[in-house]
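To start, the structure under review is shown below, and the notes come after it.
Labels run A, B, C and D following the written order; every chain starts at residue 1.
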């Protein structure tokens, strides 16, 4: 049962369980879980999840369902954002 | 039903699109200094406050006018300056305890909000919903109304 | 019930309209001492300047306004009042009975005792008729001497200049301009401004004599200085029109003393406007405030009381605004200060900007402004509502020009911090 | 219309004020603001001029959309030769000053010479005066701005001024308007100080007119809707500001930390946008009080922060517990992550100091980071720093040095010379994270490869605002590219540089480009300005501006050798994160970039290129 850190930032932070620290929560997943499974588990749609990073690496929308997570992975998600 | 500007300062970001829209409506140029609505930047309290005439029932400006140049538009409840009659004496500007009727030295006349004849440009231009044009009864812009009442001399004397 | 109103200025007209609205079944008679429809003295300078015609001075623009409201307008003058009999004596003969009476006869120019004041070419400029006389003699280049540099003179000054007159103002013994509404600094700025605009301002004392010379009227001041002009306009102050009340038993001081309901010392007789000496909001004393907003407010409140709707008068705020050749100045309330209060001043003489605030007990009580027009009315708001400035007090002491911000913040409940 | 058609020429040496008509041909070629002012500047000023000499000029300039209802149309720029870089400097600012200048009837102010004594420029529509400012010399920006408003008895006066930093020649001194908006980079404030010009105070009531008012209002309204409907400009930026990037860039492993020694900061979250929203344990209030807009801006990304009154930096100075401009991402990074400081309140206070005294927080933070590295390696000692322990992570050091640098006092004045000069002085030029002497912003070129090329080729020294390829490489705007790859980055950088130059010339804020392209800008310009403005025309204007800036820098003595990065980024690989093992691939991108630009392999525009751009 891999344990994965899920980080939801900006407006998505509201979806985290209460009491989450540093915009992160731990998710215990089944073997073979994909990034897309984790996101849908939190009721997040592809459209909301504009930027998904797995350990800092960008996961394009069409690869989220095929990208598996393993123990200790960090999935970080943002809605569309900008800065400068 | 009469409608009124509902102003929610907590939604205002201080962008002044309302001021530009107002001056454009009246003068076809972008000139915040000529706007009849003004955004106050209360910097010390991190608050922006759009501010204009509430079309108060006391109508201080109207009563102060010596030449009948300010009249009530009965359909909208607005107090409207008639430029052809205004002599620019400025008595209304000191009589209005809200400071929402102002002298324009370029035109030699006073200017105030007239709700653009029922389609206020400021409300249309506001990007955040801080200024909306709604049925007067539901405004809860009671705050300004309340203020208007407080400014009544009778009330003031009893405070 | 018959309500009679003497005087068709702003106080009288507002009272008549208010009575009509509040007591629809009653009779209302408005006695108008001058010919023509009721007009506004405030507008005379603009008519004199040619900015508006005589019609533009009318207090109500619509023809038949009073008739349509069922207000009887009677052109006549009242010569005496029999309070016991509830009856007025009229100049044109006859008398008029009233149930309730409002005296709103206003004021008229005070004539100083100067030899030569009766000479042709010496006028007041108070009524429309006065204005017609002045206008008839006014040409571009006409030399006009204004006797007195008070509000009335100063407001005419601009009109005369706009008509192309060559204007001289005599400030009288004080040597100051608009001293009843502006402090010495503000008056000095106005004087400097007028001089810079080509107006001659004389501070050489009081006029002692006017004589007729071949080249015009020669005015001698008590300093010995002389001024020559084609026309003299007397604007040395006003007095309340109470002469016809002699023997009526009504209590008079500077004007008709009225109580907190604008009633005089006599039953069923009220007074309003320039002639009334009512409560001053700022001082708590009874004073004459000869200004349009007070006249209107008096008229409204007196009428409510006459109509049987007891309405206390909260007191008037003395305030005024003046435009001298484009320089706008204002005064409010206790601009001269209040004992134990604090004063904040900002002066930029080079740019003719001045702001003086008088603060007392954490509130604004008075102000003088020169060169400021934006949101000027908030000064009235701050004084009248007696807003506690809270944290804004200190900010205003650092920068008094942030008045409007202070007012709006306080209005939004952001005063505390 | 839209240009007022006239500008002011102020000769401070002679004390004269002149009005001149705008060159309409140039306006058609260079649009306005960054473009048009650069044209004027390069026509009038010797590229070899000493930046702080009276012969240097500075131009305050608006764009054609400044002062119009186009969203964000409130910008102005300051164009001069930068004392930090020796390059053309163009610093862009928002707030309300730009609109006021335009509303007073002026497209630009060209300031020349040096006043014999401190002065400020007072503009009230056509009334323009050079007035004595000796009472304000030495005063802070905040004192100056508030003081001038009181002096003028006009709360609506708009003021752009410098603090002691600009007066004393801090080389990254900026010009601050509206208390916390700044023409921030390249040391334009030091140029102002060298001219003894304390402030420009403006009040304008003439109105700004556009060519086709009805069409303009229709397109401006339509484009405002585009911004409102876009998730970035409509939701993300208003709520979180630019600071939302802190966690993103950290996750990506491109958050330069402790003077670029590392690429991830363990304390990033504590100084992020999300942290600014969290109630503080001390007083229960969040750092962020509200968001605020610049003139005409329907995005409103500005942060207004209220400090914790109990924070050590302000316990004895309660005036700083009033709200003021909060940290933007670059500032939070430079003074936070790059210095290893994870104290949001300390960063906020340092940011207040930067605003109050007029210094660029990016250059300040980066220079401090370099000094901290020198301190940790023992080159600097406590005796040399005035007793302050310049340790990475020290909030006390940050707070102290921000104020000292802002005031141009003590060790702060040394820091005020910028990281290149500072590190060179102490014998370690390799520790200066700069290009053309200007400090980097907040993106590590090892983790975001396009930014390496952006920094190396920027005409005003290292800068993110000249081609923000982060938009594409990280945020997927307008399309996603791989931040770790150098492929296609030369073309990306060129396209961003040219488009950005056009936006900067228009009076519009670059942040609109999260939702807008030139396709959205062009119709607004076309309705506002004389001439025909299409995206194609604008792109060419942008390229022309870029090339003209390049020409100036080459004439000033820059060469292709200056288009490079510090050794640390070229040789030392990132140690953690996705970019682990990577260095910047600048050498792969630069030749391609030159070629795409129509420049020689030595980075010089060919005659054909110049002719194509009518230069």
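As a convention for this text, contacts are C-beta pairs under 8 Å (C-beta built on N, C-alpha and C of every residue); 3 or more make two chains touch, one makes a residue touch a chain.
Keep in mind the model is a prediction, meaning the values are calculated, not measured.
Trainee: Mean of the CA atoms for each chain, then the mean for all of them together: which chain is nearest?
Mentor: The chain sitting closest to the overall C-alpha centre is B.
Trainee: Highest contact-pair count belongs to which two chains?
Mentor: B-C
Trainee: Could you please state the distance in Å, as a whole number, between where the Cα atoms of subunit B are centred and where those of subunit D are centred?
Mentor: Here subunit B and subunit D have centroids separated by 38 Å.
Trainee: Using mean C-alpha positions as chain centres, tell me how far subunit C is from subunit D in Å, no decimals.
Mentor: Measuring from centre to centre gives 56 Å for this pair.
Trainee: Could you grab the centroid distance between subunit A and subunit C? Build each centroid from C-alpha atoms only and quote it in angstrom.
Mentor: Centre separation, subunit A to subunit C: 75 Å.
Trainee: Measuring centre to centre with CA averages, how many angstrom lie between subunit B and subunit C?
Mentor: 27
Trainee: Two-or-more-chain contact residues of subunit D, please, as numbers and ranges.
Mentor: If we look for residues of subunit D contacting two or more partner chains, we find 156.
Trainee: Among the residues of subunit A, which are close enough to touch at least two other chains?
Mentor: In subunit A, nothing touches at least two other chains.
Trainee: Give me the residues of subunit B that touch two or more other chains.
Mentor: 44-45, 47
Trainee: Among all the chains shown, which pairs meet the touch rule set out at the top?
Mentor: A-D, B-C, B-D, C-D
Trainee: Applying the document's contact rule, which stretches of subunit B touch subunit C when the two form their complex?
Mentor: 9, 38, 40-42, 44-45, 47, 49, 51, 60, 63-64, 66-68, 85, 87-91, 93-103, 105, 108, 143-144, 147, 150-159
Trainee: Spell out the residues on subunit D that touch subunit B in their complex, using ranges where they run on.
Mentor: 67-69, 71, 96, 99, 103, 156, 179, 204-210, 213, 217, 224, 228, 238, 289-298, 300, 304, 306, 322-324
Trainee: Quick one: in the complex, what on subunit D touches subunit C?
Mentor: 146, 149-156
Trainee: Subunit D touches which residues of subunit C in the complex?
Mentor: 346, 348, 351, 353-355, 371-372, 374, 398-402, 404-405
Trainee: Using the touch definition up top, name the residues of subunit A that touch subunit D in the complex.
Mentor: Those in contact with subunit D are residues 7, 9-11, 13, 22-23, 50-51, 53, 55-58, 60, 74, 76, 78-84.
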